[in-house]
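Labels A, B and C are assigned to the chains in the order they are written; within every chain, residues are numbered from 1.
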Amino acid sequence: MNRRVVIVFGSLLALITLTGFMQSWSIALSLLTVGLISSVIALGLNIQWGYAGLFNAGVMAFSAIGAIACVLVSMPWVTDVMLAGLASLQTDADKNQQAIDLLQQDISGRLEAERHLAWAWVIGCATGLLAIIVNRILKVLVTPRSRRLLVTAVLGVGLVIFRSSFDPATAVIESTGFGDNSKYLGGLGLPIIIAWIAGGALAALTAWVIGRIALGLRSDYLAIATLGISEIVIALLKNENWLTRGTLNVTGLPSPVPTAKMLQDPPYLFSISSSLIVNSVLFISIIAVFLLFFLWLAHRALHSPWGRMMRAIRDNEETANAMGKDIVMRHRQVFILGCFLLGVGGAMLATHVLQFEPSSYHPLRYTFLVWVMVIVGGSGNNLGSIAGGILIWFAWIQAEPAAAWVFQLVGDGFFLEGSPVRDLLEIRAPQMRTLLMGVILLLVLRFAPRGILPETLQHK
Amino acid sequence: MVGPNGAGKTTVMKAILGMINLTGGSVIFKGEDVTSLPPQSRVVRGMAMVPQNHNVFTSLSIEENLEMGAYLRKDDYSASLEQVFSLFPVLREKRTQVAGELSGGQRQQLAVGRALMTQPDLLMLDEPTAGVSPIVMNEIFDQVLRIRDQGIGILIVEQNARQALSIADVGYVLVNGKNRHTAKGYELLNNPDVRQSFLG
Amino acid sequence: MAYLTDVANAFLWLFNFLILPATTYGSTLALGALGVTLVFGILRFANFAHGDMMAFGTMISLIGVEFLNWLGIFTYPIPAGILFLPVAIILTALLAITLDRTVYRYYRSIKSPPVVMLMASIGVMFLLNGLIRLIKGPELQIFNARRIFPANKIDTVELIERFGDRAVQTKTDFVTQEKVVQVTEPEFVFFTVHDFKQATGLSEGFGLDLIQVLTVAFAVTLFIALYWFLMRTRLGKGMRAFSDNEDLALLSGIDPRRIVTWMWLITGALAAIAGTIYGLDKGYKPFTYFQMVLPIFAATIVGGIGKPQGAIVGGYLVAFSEIMITANYKKVANYLLPENWEVEGNLQLLGTEYKFSVSFLLLVIVLLLRPSGIFRGKVI
């Protein structure tokens, strides 16, 4: 088994190195970066599927939650940016009084809106709590029908009051700002690594909520439920502009390592190509540290009594149930832990591209591709998830140039320059990715269902 | 076929029908070796089975259930339908009702009726009296005898050994997977070994 | 008396912006859900690739239409997509059966759990996704796109007579400096909103075009046909029996391979029809069909898995919920409320961006309160 591990990872290293020589080192390192981040995400999914047999089809949402945490934790608070801008305008020698007045108006408008917004949320939470309390109290007093009506009435009234504060407040926030820092609330301005942890925590919290709703369901149903939940989460992230800037995207996320640009300036003075490489290497180092730590944790967990119990439940639920193990609670634990990793991975992804783009979250790329990674890598095997992450990401990216090259050969062989078929083949080359992934998944499921690094322990 | 729990009675029945693979030996039905045939082919040749549980189509009506029994028949099966209804009059009464709404005893009758619609030469019943009251049990055995009188061979796996053996022409006593005694029913009833083991 | 006009207007607004679109959208969902519920009921797994099968069928119809148009054949007022539907049905059904033989059948033979079949359907989903976009591309394409012909190859006068002069335009191609004719085959419209308003004098109205009528007509016809098939034919009853109790069906001599083959044929046909009709209305964009998987699954589960009548009811229920909850009732309220209670802002429960979220919410509610759905299907 160890020999297999060495061969697999050796081959992956070889692939990356080959890319470095044949294409470029920055491409190779970029592939490795996202490959490693994908490994974190795949590891999270593997914990849920491989340890406990949970089919999470909502991976996309948890990655996105990790990403939005980067925004909420590390971006500056917009009103503060505006205040700083105001201060600099006021000390400016040839100041434009009109601009200063407008800015001051906007700022005070925002401060008031922020207060209203806070109030709105207080009311919202209070309504929720009230509804729960009323529900409890009325359980013994009135018929179920009237109880439901009353609770609905409470929620309805609360909603109206909430909206009356919420709508105008968010309208103000979404229309004011200073440059790129505009049209949303902003964040806490903390270092980005903290955002990674926060992203994991936020994802874990969401997992707890979702787990309460969906985890009693059988695998098929769980898949559908998590798929739907992820759609809702993405819809929220795309549309609640006051929080996330919606489709305007948040750019300029802070980087944990010096950016390529910074490396080109004094005191580093690297060349353009070297700066890219150094930046990549630094970033990869940080990710690798996190990944190795998570791997170690996962390995310890797997081999602990807790891990053995989880697998026992997975392999024989009825017996475990009969033995008094609380299955749903165990599943919830695994779900939350796995989603923590999904969140951290999502935060890492956003940091890598230094922006948050909610409309880029597509289930095929962010959920189902991760599934291919886990299955091809070897479900139940942590090292397998890492190998799968790197390999499948490599295949996903390289499929396009490879297909273009093949199509060019075909075109050269059969069709003349400028023929519509040839143009068509060129345009359509990117679609080969999805086709390739489908073929890979089907072939692996059929002929090598345990993956390239099968689970080493006994299982059904 | 009687015997203590776990003796292998249901296994034998499933093996006869072909739902389980044989590790040795063969199944010879009406002179033909059917060991390699799938269940559907044996059903075509005249075997029918009424499983112990899940033995009706709960979302289909009584009439449709019986039609399913006649699925493979190419001839006009209305005569068979009449036979089943005269054997089990309550089914005629409720013929358009959905099978899921029937009581346990009625379902059992429907299950047997469905099997009869295949015009079997061999009808196998897996514990037909499981969980029913003594009155219903007697009714069931009555009906078994009437079916037997129509010339259909019946193989019953039973827990209620005493009653089953009392109506049996031939009895097999299975213990630990092996056939220990084969004799006429009443002979087995009087066999001290058998009585001691589990006739109580 | 004036109030009656207001009520009429309110009703017409609801009809045009709510009832009519929800009925056509619901028809698509219902047909999609029928395909999914059949697979759920008979093969007992969630077929995630169904949306892409619908896209495949629509793509075939589109290719057929483009071919006809390229030949200069216009079939107005009949939408050419309908003419090509039989081809699309056959090819999609063949695709479904091929997929079964090459992918799903293996897992049935080794008695894989439903989760593995679901994963296989995800592989198929990737495959179809890529294949469809490879053949026809991912962008939005409409069925009555513009075609450009050299002026001497086309009878302009005849076309203007048939389509009206807005659809046929003579231009000069600035590269070749030759005269070309640009033809945009219109949709057949019974009457427009404008016509209605003019005829009745009301401030609200609705329009009716052929595609909308065809959508509902096809849907109802298929519902009836499927009902007749499942309730009155031997094969159909066998399918229901197989879905109800597989072991007992085998004992009754029902041939599982025939059942499965016919099931895929029907599912493929339903997918092609649903997809094409929707595409004729809204245009063909592969991603839309992929996205529809969620409301279709919601409809299936809400109605009860394995119950065709559930799929139909579920489809319309989900469609109406999606549209009702995200509609802006400002105008209706203004018509119905007295003068000084006029509503200024929007009267929307949820924004239209949350349309799909609504179907999911409905799904969650059903799963929590009554997982067997309205018609008490399987809780698998």
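One rule holds in what follows: a contact is a pair of C-beta atoms (placed from the backbone, for glycine too) under 8 Å apart; a residue touches a chain by one contact, two chains touch by 3 or more.
Since this is a predicted model, take the numbers as computed values, not measurements.
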| item | value |
| --- | --- |
| Chain whose Cα mean lies nearest the overall Cα mean | C |
| Pair of chains ranked first by number of touching C-beta pairs | A-C |
| Chain centre separation (chain A, chain C; CA means) in Å | 32 |
| Interchain centroid distance [CA atoms averaged], chain A/chain B, Å | 59 |
| Chain centre separation (chain B, chain C; CA means) in Å | 48 |
| For the chain C and chain B complex, residues of the former touching the latter | 234, 237-238, 240-241, 244-245, 247-255 |
| Chain C - residues contacting chain A, complex | 45-46, 103, 106, 113-116, 118-120, 122-131, 133-134, 137-138, 290, 294, 297-298, 301, 345, 351, 353-354, 356-357, 359-361, 363-364, 367-368, 371, 380 |
| Of all residues in chain A, those that touch chain C in their complex | 53, 55, 167, 213-214, 217-221, 223-225, 227-229, 231-232, 235, 238-239, 364, 368, 371-372, 375, 427-428, 431-439, 441-442, 445-446, 449 |
| Touching residues on chain B, where the partner in the complex is chain C | 17, 19, 39-40, 43-44, 48-49, 51, 54-60, 64, 67-69, 71-72, 114, 118 |
